[in-house]
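Each of the two complexes below includes chain A, the first together with chain B, the second together with chain C.
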Partner chain A sequence: MSVAVQADDRVVLKVGSVWQKTSEEIIPLIDTALNEAGLSPHDLDAIVISEGPGSFTALRIGFSTAKGLCFALEKPLVAVGTLDAIAASVAHDVESETIVSLIYSKADEFYVGIASRNTLIYQAFTTDEPSVKKTYLTISELEERLGKGTDAVVVGRVAERWRDVLNEKFHWKDATQFSAQTLLGLGEEKLRRKRFTALETAEPFYIKQFEAKTSERKFFG
Partner chain B sequence: MNILALETSCDETSAAVLKHGKVASNIISSQLAHQAFGGVVPEIASREHERLVVSVAAAALSEANIRKSELDFIAATSGPGLIGAVLVGLNFAQSLAFALKKPFVPVNHIEAHIFSTFVDDGTHEPARIPAFPFVSLTVSGGHTMLALVQDDLTYRVVGRTIDDAAGEAFDKTGKMLGLGYPAGPLMDKLAKQGNAKFHRFPQALLSEDNFNFSFSGLKTSVQTFLRDKPEPFVQAHLADICASIQDAITSVLVTKTLAAAKCFKVNTVSVAGGVSANSELRRKFQVACAAKNLALHIPRPIFSTDNAAMIATLAHLKLQRGLASPNDYNVGAFAVFTPPS
Partner chain C sequence: MTKNFLSRGSEETREYARQFACTLQRGDAVALTGGLGAGKTEFTRGIADVFNVSADVTSPTFTLLNIYNGTWRGESVSLYHFDWYRLETRNELYNIGIDEYLYGDGISIIEWADRFLDALPKHSRRVNIDVVGETERLIIIEGGLPIARATF
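Coming up: the complex of A and B.
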């Protein structure tokens, strides 16, 4: 979890300690970032949130907090795709035409974004066309999708145990640059074009529909 | 003192405004999405809360005819409850409080139930507020607890269920009868036409020298009872079976509560939580308390189900007594109720 505040040309970035503390740390972190930027909540023009995919609970902590700020301050909410932001964070540092962004889900399954580098650099977020195709794949499904000898760069932030696996199979790159700061530029572009997310309906982009078994157990009838 | 409170601990998204201690609005959005699953699905509950939280809070402010700038405190349930569900209301409320520069008051959901008989919606006289000390029965789908409550808002848990909650016993046995979820209200309705003496289901722990409850044996007993009964028989006696189950659950709740009142020598009994809306439970308590000359307090059903007015009310009671400690909007959520030591 990270919080970035943009005050004119200056950016203050604050990073949380451990994921288990996200809920307790998020508002104090916002407070610290604002203080260091010399701002008060009322000075903010908009709140940018990474809309997911990712951990369902983590996404909701972000959304609930962002909504509380927007609702209190009566300022717009701007949602930026997390896979889009991860891909954009490396677009200027890689050569390959295709950039694949990954977010770990569970088992060997990942949320996957597939984008063309040129689109990310020259067109991303200036049109309403989705610039990143999003899906949900296992590692072997991703291998199949990209094909043998692909020059696609696969980028993300993953746990140690996945790094070796991904390194072996793909042109892997750690998204070390990705943080809330990445969202600022993309969010600003959306803000400029007034692509706000309505507070009353804003929800994380889960990708996965939640599946629960319907109740079939009945003693009678 | 104006308070906005949020409650999202289970499957009700609720926001309420309290103006000078009186309920000015109490919006409750009950999630119907769980019915197909025969119980509350935590992930669905969390998603629904996230979807609705702004609309519900906005509705509470608008119905109370109050501006955000006129609020003095923001309160929210911090637990116990479904952790993912609690987090939505808790983070929203703390963030709102931070941005409005108002103090945030976390509220324990179970304690809010205990004090829900203090909710003042302007329809009753102050004399109807329970006199301290009193014995409180909190009885819902997730909790069954007897507490001895003192006038400094402290309480001692004197009895709890050792397995299922009473509301769970209603819902699970109702499910066995094919009543759908939640079964409690329908069982209450059906039981009105039934004979409670049709079958005697077990009333557990009545002879024990404590105030604990147990409802898992009842569940098994209903299952065993139904096993060899042909469906036409069950259908023909559905009301009788419902009345018999309801009688077993409500009898033990009333007996234990009155025994606790006698043991701790209090003159007042308070019953709260979703199951306190059960008409037979209310009737039995009225009869028993009248016979023992005990004052009985049961909130209106709208304040006995999960609702934000009771969260705001406990925040108000604590603030009045200087019991709300300041925080830096860093209050964490918790899932499990821990009795005060």
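Coming up: the complex of A and C.
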């Protein structure tokens, strides 16, 4: 979990320790970031949040906090898709036409965003059509989907044990630099276009894998 | 791989569960099935013994989940004891954040696991207890895929 505050061209970034401590760390981090930026909460134009997919609990904590602050301060909420933000964070650094962003879910399963580089750079938020197509796949399903010899760049932040596997199968790129700061660009763009999220209905974006696909598993065998 | 064991009473069921539990480690899930009175909770007590749980183990039929603190190899570990009997839809599981338990670093034990097969991790061990006599029970155990474990 991380918190970033942008004041003109200056950005203050604060990073929490582990996601399991999100609830105890989030408010002090926001407080520190604002202090270091020399701002009061009332000075903010908007609050940007990464809407997921991701950890069930951490997303709920993020939304409760952001919505609470928006209500109290009467500021707009801007929700940015986490897969969109990861893809956008590398769009200017890669050559390949297709960018695939990954977030680890569980076992060998990932949340997957598939986007065209040009759309990300030139057409984000120009229409209601999302620029990143989102799905839920196992690693071998993703391999099948992209096809052999694909030149798509696959990007994400994953645990060590997945890095080698991904490196072997794809043009893998670590999104090590991904943080709350990465959201600011997309957030600003959405703020400029007044694409706010209604506070009373804002909720985390979960891809519910059990709705996305059905299986016929048996108890034994 | 499937293993069968004929238990002649609840004490044997619990002892067999203790032997079984010695093969468990962090991140594992145990899916328990069997009718009312088959001994699912007794089997859970045997698992809890191995992880040095001192609390009373009772079926979480109404609470949905009991969490017991235990130890494993000298470190603390949580046992998540579920009962899915009263749940009606898969969505109810989703809304309690089930995956953070099943794929966390504790040990999950799920009674009435056959209510939602799709919600079970691929690495679950499956344990079915059949009533074959007044006190006799046939316990069938099948292993999951360890490769799919969340924590290695």
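In this section, the second predicted complex is superposed on the first by the 208 of 221 C-alpha atoms of A that agree within 3 Å, B and C clash if a C-alpha of one lies under 4 Å from a C-alpha of the other, contacts with A are read in each partner's own complex, and residues count from 1 in each chain.
Basically, a contact is a pair of C-beta atoms (placed from the backbone, for glycine too) under 8 Å apart; a residue touches a chain by one contact, two chains touch by 3 or more.
Keep in mind it's a predicted model, so treat the numbers as computed, not measured.
Legend: residue contacts after superposition of the two complexes on their common chain; A:Phe56 is shown touching both chain B and chain C.
When both complexes are overlaid on chain A, the residue A:Glu143 reaches neither chain B nor chain C. When the two complexes are overlaid on their common chain A, residue A:Arg161 makes contact with chain C while staying clear of chain B.
Applying the stated contact rule after C-alpha superposition, one finds that A:Ser64 touches chain B and leaves chain C untouched.
Set side by side, chain B and chain C differ in how many residues of chain A they touch, and the one touching more is B. Applying the stated contact rule after C-alpha superposition, one finds that A:Ala107 touches chain C and leaves chain B untouched.
Common to the chain B-facing and chain C-facing surfaces of chain A are residues 56-57, 210, 214-215, 217-221. Residues 55-57, 105-108, 161, 208, 210, 214-215, 217-221 of chain A are the ones touching chain C in the complex. Of all residues in chain A, only 23-28, 30-31, 41-42, 56-57, 60-61, 63-69, 71-73, 199-204, 206, 210, 212-215, 217-221 touch chain B in the complex they form.
Per the touch definition, chain B reaches chain A in the complex via residues 36-39, 41, 43-44, 46-47, 50-51, 53-55, 57-58, 68, 83-84, 87-101, 175-178, 181, 226, 231, 234-235, 328-333.
Against chain A, in their complex, chain C makes its touches with residues 2, 31, 33, 90, 94, 97, 99-100, 102-103, 113-114, 117-123, 126, 128, 140, 142, 148-150, 152.
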